[in-house]
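Everything below concerns the one structure shown next.
All chains are identified by letter, namely A, B and C, in their written order; residue positions are counted from 1 within each chain.
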Amino acid sequence: MSPIAALVLKDLAIELRRKETVVSMAMFGLLAMVIFAFALQSASLATGGDPLNNAAAELWVALTFAGVLGLNRSLAIDLDNDALQGLLLAPVGRGALYVGKVLSNFLFMLLAAAVVLALFVVFNNLLLDARLLWVAVLTVLGTFGFAGVGTILAMIAANTRMREVMLPILQIVLTMPMIIAAVGATARVLDDGDPGTLYVELVAAFDIIFLVVSYLVFEYVVEE
Amino acid sequence: MTDAPALQTEGVAKTYGRFSALRGVSMTLEAGAFLTLFGANGAGKTTFLKIVATLARPTRGRLQVHGFDAAERPEEVRRRIGFLSHNTGVYRDLTPLENLRFYSRLYGRDDGDPALEALLERVGLEDRRHDAVRTFSRGLLQRVGLARVMLHRPALLLLDEPHTGLDARAVAILNAMLDEAVEEGRTVVLTTHDLELGLRAATRVDILDRGRIVYSGSGDADGARAAYDRHIRREAAP
Amino acid sequence: MKDRTLGIVTLAAFVAALYFALIYAPTETTMGEVQRIFYFHVPAGITSYVAFLVVGVGSIAFLATRDPKWDRLAYCSAEVGVVFAGANIALGMLWAKPVWGIWWTWDARLTLQLLLALIFVAYLMVGAYISDASRRAPIQAVVGVLGAVNVPINYLAIRIWRTQHPSPVIAGGEGSGLDADMGIALAVAGAAVGLLYVYLLRRRLAVERTRQEVEYLEQVVTAQ
């Protein structure tokens, strides 16, 4: 079995036992979406705008906050009892440790995103059509970008005195271009069914660039 | 095991900013040796072991483990070392057996459960192999850590104060496994504050003081005791 | 050049720049006197880009060589760069209020500058919140690299998003062009702001070297 598969299976086994990360992420994402919807619905009821205009924003705010929460929880698995040192001692490249954790985080986030997305469809009375397929594709792409850069940022934040604060700060600041593009694409899809090639390309480019750069520099974050 | 020395370091130094934790450590350790490294707190023992274990990167100097350069072939080095400190590196949400299964895969070994259970038996955990590690005492935890370290049958064992906080049973198991490792021709580097535990099986004794090796002698107990008194007692080690 | 000499030269350059910007340059026809902010607003923005570029280069050089001087250069330049970016944004607001009638708009260039400032403030926070001195430098350098990589992606995302800001007057395509006297004033003010960056960076580096020396001496003394 490849080391990366072993790492992902280990995270899955622990998550199945504790059921903390995915459940808390889904709940938090749901609440973020609800509070954001309340705030925007009140605003648009007062001013008479179309609530669907804000749907894309609701979705991505929910995914962003749920993602940040999940990254912290997921890394805690390895930081508990400093099990991370055991990983660093294994004859596995630092890059493989990074990729393994990215895949675990991606998987956890996808599960939570599926819940958030399902409720998003219901709350906004969306039809199950091609538009929804695009929203799902964008969610997968965006979630992968979150996991890619978020995995290294969680490790960076874990080295600071203010882990719970630094991760959201770093994650939100550094994923900003992707959020801009993802919200833009989602809003356009919901509007006329076309996400806009440039936006989708930008999200994909973000995913690839940050995966590669993080893979290359991960060793500097874990070595003394 | 190859003809190359188990461990060879040349001028290994580690500075933090301008503070030197290690000021150039050069040593050659033949395969099968049992080196005990004494030193007061802050002398650089842990830093040295972490560098050999490739957890920390030396600021200057080179080191080889069984002929593999740590900077160029870190994975080959890691394959040959087992490092145990106060930190056991095991997952508390998994059982001892699951921990070993995971690490076995990570080392690319894929040992079957019988082999892993045999290993757990050697550290006296056969009855608790299905209990979550979370419920374990310090001594039990360290025994799981010991099993993890021995899992891939490392040629070079690095043990950083492994006796700290252990009960008598765990100390006995640890010592028995060390003796067995020596019989099998493995090399051991041990650091400890306890003079008697350190001298018990040593074939060589080195003393680190402020980042330098200030004494290097055979496992001859009297010489080592005198050197220990000279270099460390005055610092009133705990 | 000695820092004292450089300081005097910078001061002289600022006096000259004030003369050229406030008196020598002609008054802009549509925007009036307030347009004179331009002579400091634009150089401050460009200088902040240069400062952030230095952070990226210094971070990569540090990871490659592990020479602490690159680490110092990177985070000292980030501090100065954030100050210049802040000055650029503040001056822009003072200019925008009378001309556009608003302090702020989510225009491409404004948003990009805000995000850049936020990225490097987050970079500085990471450095400040890592207690373990041996881990700080490589981890902060990794954030520097991730932040620098983010800059062009942010630029693209925002570019696709929207543009309201006046296009660059120099080499900005059709219809752009600067009165010759205005060009001279901009060059002089640009030189003064550039000198100020170099001066501040050098002073900051000197302070940092001294601080590290004191820290080292403290360790030597307490180790006795």
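The working rule: a residue touches a chain if its C-beta (ideal position, glycine included) is under 8 Å from a C-beta of that chain, and two chains touch if they have at least 3 such contacts.
Everything numeric in this text was worked out from a predicted model, so none of it was measured.
**Q** Which chains does subunit A share as contact partners with subunit B?
**A** Both-contact set = C.
**Q** Which chain would you call central, comparing Cα centres to the global Cα centre?
**A** Smallest centre-to-centre distance to the global C-alpha mean: chain A.
**Q** Using C-alpha centroids, which chain lies at the maximum separation from subunit A?
**A** B
**Q** More C-beta pairs touching across which pair, A-C or B-C?
**A** The greater number of contacts lies at A-C.
**Q** CA centre of subunit A versus CA centre of subunit B: separation in Å?
**A** Comparing mean C-alpha positions, subunit B is 39 Å from subunit A.
**Q** So, what's the distance in Å between the C-alpha centres of subunit C and subunit A?
**A** 31
**Q** Could you give the separation in Å between the centres of subunit B and subunit C, each centre being the mean of its C-alpha atoms?
**A** Between these chains, centre-to-centre, one finds 49 Å.
**Q** Quick check on subunit C: which residues sit in contact with 2+ other chains?
**A** Only 134 qualify.
**Q** Mind pulling the subunit A residues that touch 2 or more other chains?
**A** 223-224
**Q** Sort out for me which residues of subunit C touch subunit A in the complex.
**A** Answer in residue numbers: 63, 115, 118-119, 122, 125-126, 129-132, 134-135, 138-139, 141-143, 145-147, 149-150, 153-154, 156-158, 160-161.
**Q** Give the list of subunit B residues in touch with subunit C in this complex.
**A** It is residues 16-19, 42, 59, 210 of subunit B that touch subunit C.
**Q** Of all residues in subunit A, which touch subunit C in the complex?
**A** 149, 152-153, 156, 159-162, 166, 169-170, 173-174, 176-178, 180-181, 184, 198-199, 202, 205-206, 209-210, 213-214, 217, 220-221, 223-224
**Q** Okay, in this complex, where on subunit A does subunit B touch?
**A** Going through subunit A, the ones touching subunit B are 1, 3, 5-7, 9-10, 13-14, 17-18, 77, 80-93, 223-224.
**Q** Which residues of subunit C touch subunit B in their complex?
**A** So the residues of subunit C in touch with subunit B come to 66, 68, 133-134, 212-213, 215-216, 219-220, 223.
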